[in-house]
Structures are given as structure tokens and as C-alpha cells.
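Structures follow.
Here come two complexes built around subunit A, the first alongside subunit B, the second alongside subunit C.
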Partner chain A sequence: MQLSRRRTDVRAVEQRPRHGWKKTTWIWIFLLPTVVLYGLYTIYPIIASYWYSLVEWNGFDSDQKFVGLSNYKEVFADPLFWNSFKVTLLFMLLVVPARVLLTLLLAMVLNSPKLPLIGVLRSAFFIPVVTTTAIIGVVMRFVLDPSTGPINSVLMKFGFSGVDFLGGQHLALPTAAVLYIWKFFGVTMIYWLAALQTIPYELYEAARIDGAGTWQLFRYITLPMLKPFLIIITVLTVEETFHNFDLMYTLTAGGPYFHTEIVEIYIYRWAFAAPIPQLGHASAAAVIFGLLVAIVGAIQLWGVYAGRRLRGEQR
Partner chain B sequence: MSAVVERTDRHRRILHRLPWWLAAIFLVGIAILWIFPFLWMLSASLKDNMEMFSGGLKLWPSKFVWDNYARAWNDAHFGRYLINTIVVTVITVVIVTIRCATAGYVLARYKFRGSKLFLGVLVATLFVPTGYTIIPVVKISMQLHLIDSLSGMILALSGGAYVSAILIYFGYFRQIPRELEEAALVDGAGFVRTFFSVMLPLAMPVTATVAVLTFITTWNAFFLPLVFTFSRPDLRTVSVGMQAFVGETATDWSGMAAAGVISIVPVVVLFIFMQRYFVEGISGAVKS
Partner chain C sequence: MPGMTRRSLLGASVLAAVGAATGCSSSSSTSNTSSGATGTLDWWDHFSSFKHLNDDWAKKQSGPLKTNVAHTYYDASKATQALQLAHQANKMPDVYSNVVGLPLPALVSGKWVHEVTIPADIKAKLPKDAFNEGITQLDGKLYGFPMFSLRQSSTLVWANKDHWSKAGLDPNNIPKDYGAFKDALGKLKSAGIQPLTLAIGADGGRIRDQVDDMAQAAGFPGYQGLQFTTGEYAYHHDAYVTVIEFLKSLNDDKLIMPGSNNFGVVDARTRYASGAVGTFIDGVWCAGGSKALAPPIVDKLASGQILVPTAGTNPWCYRGRPSSGYFVSADSKNPDAAGQLIASFMTEDYQKGMIEAMDQPPLNLDLVASSNAVDAYKKGIEFCKSNVFLMPQAIVRNPAQARVDALRKPVTPHVGNIVQGYLAGSIKDLKAELKKLSDATSADREQALSKAKAAGAKVSEADYVFTDWKPGQDYGAAK
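Right after this comes the complex of A and B.
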């Protein structure tokens, strides 16, 4: 009853599109800070990137010369761009399954009302999330250092040979992936806890009275109820792995020899770290990167929609 | 007779709880490993440089060297970086919270020309990465003479998408019953008074969530502060300062650990006290 009344209330708001000019003015005054700031620093840059990707532009102070699509040609012909593209996707493949599936296990344990110390445990697993990624990167570079770092000094004390975690061509990316998983494990854990809390506890009790065992509870209640969330959580996690400049830059800065250079570092290198900045080239790479993110975002919207339908069918 | 029954009953209950306690002890072990890097950093910040190399993963320093903190604070300028970070973070939190609250309120409660489009654009930019927008952001900041300044950094940080914050407010204001607004109207409150003295106080938990999330995002921001302080080292925030520290004085590792502790403690303390709001904000992404 209350729900339906609330719904008509909202509709009443929607059906009154005509306000006095005074109200309309206030509406836009309320939106003004967002329009200005978000317009200037998010919307305008998205549009401007397209223009910048079509010009030759060597340094922020210098003139821009329209060159058509030649920046794109250069970017597409640059093996290092495809390398950074590959590294970004490879990193995603390394990180996402671990983050999504291992966190589900931990979340299920930490969701159990019978577990003691549950609050302390949840906080402990969450703490890496709130700490500064760039600082973690710098500290870990020392911790993992082959000659001076404590990890290697312990390894050598036990007779193992030292391991160059961040300097090895094949080891650097997996090492960064492990650190990344550790750092952001808590985020996905919270996603899963939120999803698990939508399952009513009575459902488990009723099933247990009917004689269901732990595995059956998991197989026939938890898993089907979580299925729609799996899509949303996976894509949220995928999107987050695209924002990884902080950790990668402080940890390896793209090295050794571009083996950990993600697209964001590639853009940074061409725009800020080159002796002569090539902002057009960097912008073209940024536009392509933006398209990749947008495609995944579109898949997400579709996934959320499909998830809703899945949930609707269950009811 | 009944006493015996009671005792076996209690025994059974303890036995029933036993696996859970074992699981908890096991998880505590993992949790300690989980936060071990922070414990190690804390201990390293109190060791001297010699012990830091030779001590391995040992936690308790043989001698407490408080001087590391003095060096980080003065010689490595972390006192200054900390103040910069606090200024930038606090002002950004205020701007973002206000602009997201007013925008979320108007979008949730009023239908006006362009409101659907506004929402659509917001949702479309939910995941825009900084690496994508950074070049135009720097260019426009130069044109406005805002590069190499804290105010420019604050504006650029506050102008980041923060779509989820607007959506949290949107969802909250949407479900407030219409009667409340009408009652305020009857009492003679106008548009602005209704918002500030009725709606905003109601949304206190949401405001706390948005403020805490924004605080942590801004405190930890790295890409923008890095680019905004290339030619002004005195304006660095702690995250950028840390990166520069390693480049400049590559040998003072225990000073680095002390600087790291100085930089991380404020967010961890905030998290411990405001955990509930933080968790709520993150789980909001899944629920909506």
C-alpha cells in the first residue's frame, strides 16, 4: 500500500513539468556548480580530445596544426601502442577472475552471522582499499627490491636465490597483478556482501528444515540468487582495472622495457614524459582508450539490463 | 537430572560453535598477513637505515629512531605536503558534496527541460578514466592560469565526474514523500529554504557517505596532483611527494617509511571512525 502511494507521488512530481520562472531559475542555480565544474573538467575534455587527436601539437604552449587522421595512423602503426593495449587487457585477465571469485568465497564466510570477530575481520580485509595507491607502489618497490628489499633478504636467508620481482620481464606484470588484487580485494568483497545481504535469511532456514545440507544451500539458493549480481560485479571490477595508473606508475613506471606499460602510462609518456611532448599523438591514443572503456561500459548497461530480467524471471 | 541435561546442552552448544571459532582464528591469521605490509612499514619507520636492510621482515625495532619522522617532516618537506593535501582534500570535499547534493536534489524532485538528457550524460560518463581527460584538463587550466596552483588542482579534482555521488543523492531524494515538501510549502518555505532546512538535514547519512568517499578519493589522488605540480614542488600532495622522495634521496629508506606513515594515517583513522558510511557508499554501486 505504502509502496504504491509512494510511486504515485513520484509520478505527480514528474507530471508537473511547468514551474514558474522563479522555480526554473532556482533549478538551474542548483545545477550550476555541477554544470560549470563537470562541464569544464569532464565533458569538455571528452569532446576536446577528439579535436586534439586531429592536430599536430608539440607542447602545451605551442600552436596546433590540423593534420587529419595522421595521428591515428601513427598510433596504429606504433607497436608500443599495441603493446600497451595488450598489457592493459592481459592485466585485466590476470586480475578480474581472482578479484571476483576469491572475494565471493571470503564474502560468504564473512557474511555468516555465526562467525565471531566479524567486524574486525571485515575491517582488516578492507584497510588496503583506503590507503594511498601511489604510496603503496613506492613502498612495495623497496620491499620487493632484489638487492636491498626485506622479502629477498628473507628468501636468501633460507637459501633461496633472490628474485627480481619487478625487474624480470615475465614476472613484473604478475607481481603488479598480485599487489593490485591485494589492494582492491576489499572493494569487490563489499560488492559481494551487499549482494549476499539481499538473500533473505529465512530462505536458508526453511531449506535447512527441509533437510538441505551446506552444499545444497549453496548450490540451490546462494548461487542462483547471486547470478544477476555476478554480471554487475564483474563489469564494475573490469572498469576499475582500467584506472590503474597510480600503482603501475609508482611500481614500475611501465618497465622493464615496456612490459608493464598500460595505456594510461603510454598516454602519459607521450604527453608529459617525452622531451618533445606529442600531444596530438597522445590524444589519439586517449580517444582509442576512451572507446575501449565506453564499449565495456555499454556491455555493462546491457549486462545490468539482462541481470534485471534474470531477477524478474525468478520472482 | 535437569542440571545434567542443561550441562550437555551447553556442551553441545559450545561444540557447535567450535568450528566457527576455529574458522575465526584461521581468518585472523590471514588478516594479520593481509595488513602485514602496513605493520612492516610502521616498524620500518622506527628503525635506522642499517637495520632496515639487515632486519628483514622483523617487526620490533631494536632501537626506536624517532628522528626518521623529523627528517621526513622537515628535510623531505612532508609537513608541507601534508598541509597541501589537507587543504586540497577538505575544500574539494566541501565543493563536491554541495554540488552533488544540489544537483541530485533537483534532478530527483523536478522535471524540467533537459533533465532526462542531463541524467543520461551523467550515466554515460560514469567510468571516464583520468588518463583520457588529462590533456584537455591541463590545457584548459593553463588557459585559465590555474595550472601550478592549489586552487587549480582543487577545481580540477572537484570537476571529476563524481557521478556515483550524484546518483546516491538522486536515489535518496527520489523516495522522500511529496507531503514533506508540501508541508514545508504551507509553512511558507521557498525553494531554497525547503532544500536547506528540510531536505538536506534529512539526507545527513547520504552526505556523510559522499563526504567520506570523496575525502578518500581526493586524499589518494595521484595523476592530477602529479601533473599539476611539475614545476611547483612546494605544492605537492603526499602521494606525489612520496614518488619524488624516492627519486631525490634514494638512500633514506626509513625516512621514506616514516613519510608513508605520515601520509596514510589520516585516511586510516578516518576510515576506522566512518567505516559504516564508507561501506554503504561502495555497496551502493551494486544495489543501484
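Right after this comes the complex of A and C.
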């Protein structure tokens, strides 16, 4: 059966009108700028960083001395690299469950046709997403200022002492996590809204006629129907939390004492903030971090595949 | 003609990318967009207090230099990156301030700098010790000259006169020792004023410099952990421990403004300039920097000396020979005009403007007393004039040490990070952490020395040992 389908495909290609090349050429010409820019600004830097990770180079000299794997050895031996690795993973663990589950609850509320001002509410939750992350970081530093910020002013008015949200060793990371969740709440909410809208309304109606309550609707219809999306959304959110340089750098710059130094800030510190930049060391750290992201990417692919399979089963 | 396939698209993309990359590559030395070729002399720097002065100076110099002088200010934290990118793209400005951070030999070999010729009348205005092999010149060729005096400090006490008076304190008589200073901060707190802020946050770079200065004033016989007489690193010296424990006690007693652990320099200075805090520890340039942020602060400025542990201790500090303030780019199409622009910074008009901007002090400190600068600035300069001395330097003894400097790597956590961690409670055993820093810094110097020796440099650890160093005087002055 497969063989006959292939034959049909071949015939279809042979029967394609000869002027078709004009159509496809235009498509490719319009794609060309994207491909060129993607190559220059994404593919080329990735390849270059692999080379830089094997050389000793300060970015100022023209000399790049090949040192083999010695940069990798130094990175692996640096406790602050592992600290940044730990902070990155901890941040992910703080952010992902809250972001995925809370946005699901919110999306279910915002998906209700009976709720008034749905459009306004959806927009309100999405506004932080379109605001520049670095601006949010700078503004939030003022909002959370322990002596002059509005939050602490209110706390002090009620007799509490000021809280150093971003300067305290135990508070800085959770504070950054809460801000990150708020900033990107809208993205995950949109994913869930899209997923919720794939569930046929007739199912709910039928269940209600059969006497199902709110919890039963959620337990036996919503949740099973959302399972494939849960995998994809979770994996996407995990991947997103690894790229948090702008917010974290503007909020804390990795402090106090490296308690919020995620891997991206570690790389930046070695590449640009050192008196004599160490691009080799920074690139080695970036390659190792890239491998972590690649592993998550592979899981992401698996998630998409698993999600499709689950949806297939449900049909 | 067959339709375009994905494979041919990728091929075309690679060709286009190569074409674009070639266009951006460093081989296009005859580019017409280069600053010199278009008749513009580009001048970049990172001096925020001099921004207006330099904008005006660029306009003034366009006539005499017969070219359009274009001045661009870059924030200090961005300037290095901007130059890094400009160098790789062959778009270097003709004149730029010295923020690259590499020793002179590395700048020369990396084709960053051009030799300069200074007119005789300007050269006569510069002190003889402004020219040093390995710092401002190499193999007899001059690459620049210092703009600022070595007699300056990052660690003076700056008070807000109104707040100090309100607390019953005399802002013209700021305490000099730890105990009296802490008492004064306590009085500010009792008067409902935030007593003190410091720039402890960001990368910890400023507090690192300040702890180094305070350790010298507390008796550390060296600079940045390196002891002059032994040539060994000793961050775990009692002087460092005393200074950091003092800062910790201020923090524990809530005399440091909450949030200071996360403040960069501008964050902390903004609090001081806006009147949100009574006291700020900052460099001599605090006057100019604060004025730029909030002009009304100028009338409220008062300054005091670097703090010492006990009354009567000499507040002596030591600094190295200043390096060039500006360089002419190796790619400059008009190096003569660029050299003349740099030389113009030594004219009376420019020097006067520099002093009035109240940033780093000029080479000739005597000009400050008769200037229009505020009294607090003049007082700070007077203090530095009498208490900051020239220190011995391995690079001056042996210019080949510049090759070692170029091979040094950052050691983290540095003193600034350790202060941040100790104040936040992340570090429990301060002395052990400082000892680790001493060991790590020694190991880094060792690796740099080994690599430099292997590359043929005649250097040794003995270059760092100055057994004839005496406290309270310029090194070499007695010879």
C-alpha cells in the first residue's frame, strides 16, 4: 500500500506544471534574507563559539592561541561555574511548576464564556509580556527598593521593617522568580487558552446533562484532553527559563555574592566584565550550557512527539 | 531551468553570508567610511563629568585642527565593549580614552595604538615621571601621557551638610577614625536620616578598590593584596580583616542603607546626590559626579578623609604611576591631528574646565586651590596631595612584566565579592576566604609568569620584591 502511495507521489511531481519553478523560486527568494541573517547571527556564532572555546583569546589581541581542552578543564574546575549551574536549575524548578499550573488555572477562568470583560482581562495579563524585560528589571529595582520603594513604604507604614528583596541571600532568587513568572505569565496563559479551545464544548454539555459537576468536568474531561499539551507547554517553559539574562542582570547582576548568578551571567562576566576578557573560558562555559539546552531541546522534540501520539490515541 | 530546491537555497545563503562576512571583515583597510578619510576626527571617552566640557572642546578644536572633531561619550561599563567591537570591525575612533585594560605592549602588538608626538611646550608642562617605559612609552616611542594625578582616592567620606547639621554633627569636621565615625552615623540614624551608603553591589569592583585603600590606611604595606617588601599576596593580612569587620559592624547595626549590597556606583551616588542618605563613601570625583546627577547637592557637599581604625593613625595610601589618559588609534588616518587633540588637553583652558568639572584631579594639583571648584572638592584634593604616595611597581622595574600582566586572569571571588558575601551572611569564615584569595591570586601570577617565561620574557618573582620601600613617602624619592 505504501509502495502505491509513493508511485502516486512521483507521478504528482512529474505532472507538476513546468512554470512551477517560478513560484517556488519566489518563495525561496523571500526566505533568503531570513536564512542569511539566521546563518550570520545564529549559526555562525554557534560555530565560532566552538572554535573560541579551544583557544586562549582576550578579544583585543589578534592572537588566538590554541589550547585544546584546557578552557573546558578550567570551567569544570571552577566552583562558581557549578554554582551558576545550580542557580539556573534552581530557578527553573522555582519557575516552571508555578508558571505552568497557575496559568492553567487562570486560563480556565478566562476561557469561561460567562466571564465579563474577558478581552480586557486577557490583555491585562498579556501586557507584561510585551514590555521590554530590561525595563521591567530596572523599574522593579525601584519598586522593591528596601528604603524608598513603594512596597517597603507600605510595609513600614504598618510597623514592619523593610525587606531587602534583591539584596538578601535567601530572598533574591525567589524574588527574581516571582517577577519572571509575572512577566511571562501571559505567554503560558495563551498556550493554555489555545489548548482549552481545542476541547469540544459539546463534551461539557453532554457531561452536564449526565449530572457532572465542576470538579468532575475538570477531572474527567479537561485534564485528560490537556495531557498532550501539558507535556509540550512544560518543556517549552523549561527551555524558556534558561534564557533569563536580561531580567536577572538588570535586577541583581548575579548578586548578592553569586546567589543569582545564572549561567548566562557567568558567561557574560568572563567574556565582557573581566578586566582582561577571557573569551575562550566564556565560550567553553557557553558550549557546555548549550549542550544542556540541547538536551532539553531533545526532550522538547520527544514531548511534541509524545503529545501528538497522545492526541492520536484520544481520537 | 529547474525550480530552486532547499539545497540550492542553502548554497545561495552560504554564498550571501560569505559575501556579507567578507564585507564586514578586517581586510578592507581602504574603506572610505573610515573616520579619517571623511575628514572627521572621532574622539570617544568614558568621562561622565567631562561630557559637556568635551562636547564643547570638540567644537573649539575643529577650527585649529582643520577637521571636524566629533566627540562621543560612552558609559564606562559600555566603553570597553564598544572599542572591542570597533577594533574588530576596523572602525576605531582616532582618539579614545584608556579603558581597554591591556598593558601597553599588548596594545602595541595588537595594533591598538599609534605613536604620538607632543609639542615641546606641552611636554614641558608634564612632570618628568609622567613618561615611563612600559606604561606610557615602549622602546623609546611615546604612546600617550597621563591626564590625572596619581594623588587621588576612591575612598573619601562625603557628607550632606544639611543632614549632618540636623543630627547635631559638624559637617566640616567629619570623624576620621572608625569609632567616632560609627558614633556619628548612629546620631544620623537617631535623627531619622539614613546614615550611610556604599556601592557594594554590581560586580563589587568599587567596594574592592575602597577596601584596598582602607586596608592601606589601616596599615597594609602593599597594594591590592600584594605586599611591597615581600612580593607576596596577603589578602588575609590583619588590615583587610579589620576593614571588612568594621563594614560588617556598620551593616549589623543597620547603619548602612538597606539595598546598598545591591547598589552599583551610580545607584549609590544617586541616593547621596538626591539627599536620601546622609553620608557616602566615594572617590574624589564624587563632587562632579553628584553635581551631574542633581545640581542642588553642590551647596550641601562636605568631605572628609579616608577612615582609619584608630585616631592618630596616618591615613597613608599608595598608588602606581598613572598610565596614558588617551590613545591615538593605530588605524587613525590623521594621527598628527589626533596627537594635537590629545596635546590640547594640557592647555590652560582645558585644565581649568577639568578642575571645574570636579572629576579626577589634574596632574598639577596646585591649580585646584585657585579654581572655582567647591571647597569640599578642594579639601579632598588637599588630603590626597599630602597622603597619597607613589608605590613601587614591578612593571617600572622591569617593563617585560607587561607580558605577565597581559596573561593574568580574573580571580573570583575578589575582595569586593567577599565583602558582599560577608555582609549578606553567605561567608562565615572571613579570614579563611581571604587566605583562599591570596592563594588563588598567587597561583594566577605563577601561571602568568610561567607562560611569559616560556614565551621568552625575562621576568621573575623577584621583580615584585621591594625591600627598600618605606611607608609615608614616594617610592624612589629618597634615592
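We adopt the following convention: the second predicted complex is superposed on the first by the 280 of 315 C-alpha atoms of A that agree within 3 Å, B and C clash if a C-alpha of one lies under 4 Å from a C-alpha of the other, contacts with A are read in each partner's own complex, and residues count from 1 in each chain.
What we mean here is this: a contact is a pair of C-beta atoms (placed from the backbone, for glycine too) under 8 Å apart; a residue touches a chain by one contact, two chains touch by 3 or more.
A quick note: this is a predicted structure, and the numbers were derived from the prediction, not measured.
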Exercise for the section: Figure out whether A:164 sits in contact with subunit B (first) or subunit C (second), or with both, or with neither. Expected result: second
Practice task
For A:211, select first, second, both or neither according to whether it touches subunit B, subunit C, the two together, or no partner.
Solution key: neither
Practice task
With the two complexes superposed on chain A, say which partner A:42 touches: subunit B (first), subunit C (second), both, or neither.
Solution key: first
Practice task
Answer with first, second, both or neither: which of subunit B and subunit C does A:191 touch in the superposed model?
Solution key: first
Practice task
Examine A:80 and indicate which partner it touches, taking first as subunit B and second as subunit C; both and neither are also allowed.
Solution key: second
Problem - Contact breadth on subunit A, by residue count: subunit C or subunit B - result: B
Practice task
Tell me which partner A:148 touches in the superposition: subunit B (first), subunit C (second), both or neither.
Solution key: both
Exercise for the section: Determine, under the contact definition given at the top, whether A:116 touches first (subunit B), second (subunit C), both, or neither. Expected result: first
Exercise for the section: Pick one for A:24: touches subunit B only (first), subunit C only (second), both, or neither. Expected result: both
Problem - Contact residues common to both interfaces of subunit A (with subunit B and with subunit C) - result: 22-24, 31, 39-40, 44, 60-61, 141, 148, 272
Handout entry: Residue numbers on subunit C that touch subunit A, as the complex places them
Key = 1-4, 8-10, 12-14, 16-17, 20-21, 80-81, 84, 87-88, 100-102, 106-107, 109-112, 194, 201-204, 257-262, 264, 276, 406, 408-410, 412-413, 417, 420-421, 424-427
Practice task
Going by the contact rule at the top, pick out the subunit A residues touching subunit B in the complex.
Solution key: 5-6, 9-10, 12-17, 19, 22-24, 26-27, 30-31, 33-34, 37-46, 48-49, 52, 60-61, 109, 112, 114-117, 120-121, 123-128, 130-136, 138-143, 148, 150-151, 153-154, 157, 182, 187, 190-191, 193-195, 198, 229, 232-233, 236, 239, 242-243, 245-246, 249-250, 263-264, 267-268, 271-272, 279, 282-283, 286-287, 289-290, 293, 296-297
Handout entry: Contact set on subunit B toward subunit A in their complex
Key = 17, 20-21, 23-24, 27-28, 31-32, 34-35, 37-38, 40-41, 52-57, 95, 98-100, 102-103, 105-107, 109-113, 118, 121, 124-140, 142, 155-156, 158-162, 166, 174-175, 177-179, 191-192, 195, 216, 219-220, 222-223, 227, 230, 238-240, 242-243, 245-246, 253, 256-257, 260, 263-264, 267-268, 270-272, 275, 278-279, 282-283, 285-287
Practice task
Enumerate the contact residues on subunit A facing subunit C in the complex.
Solution key: 20-25, 28-29, 31-32, 35-36, 39-40, 44, 58-63, 80, 141, 145-148, 152, 162, 164, 166-169, 172, 252-253, 255-259, 269-270, 272-278, 281
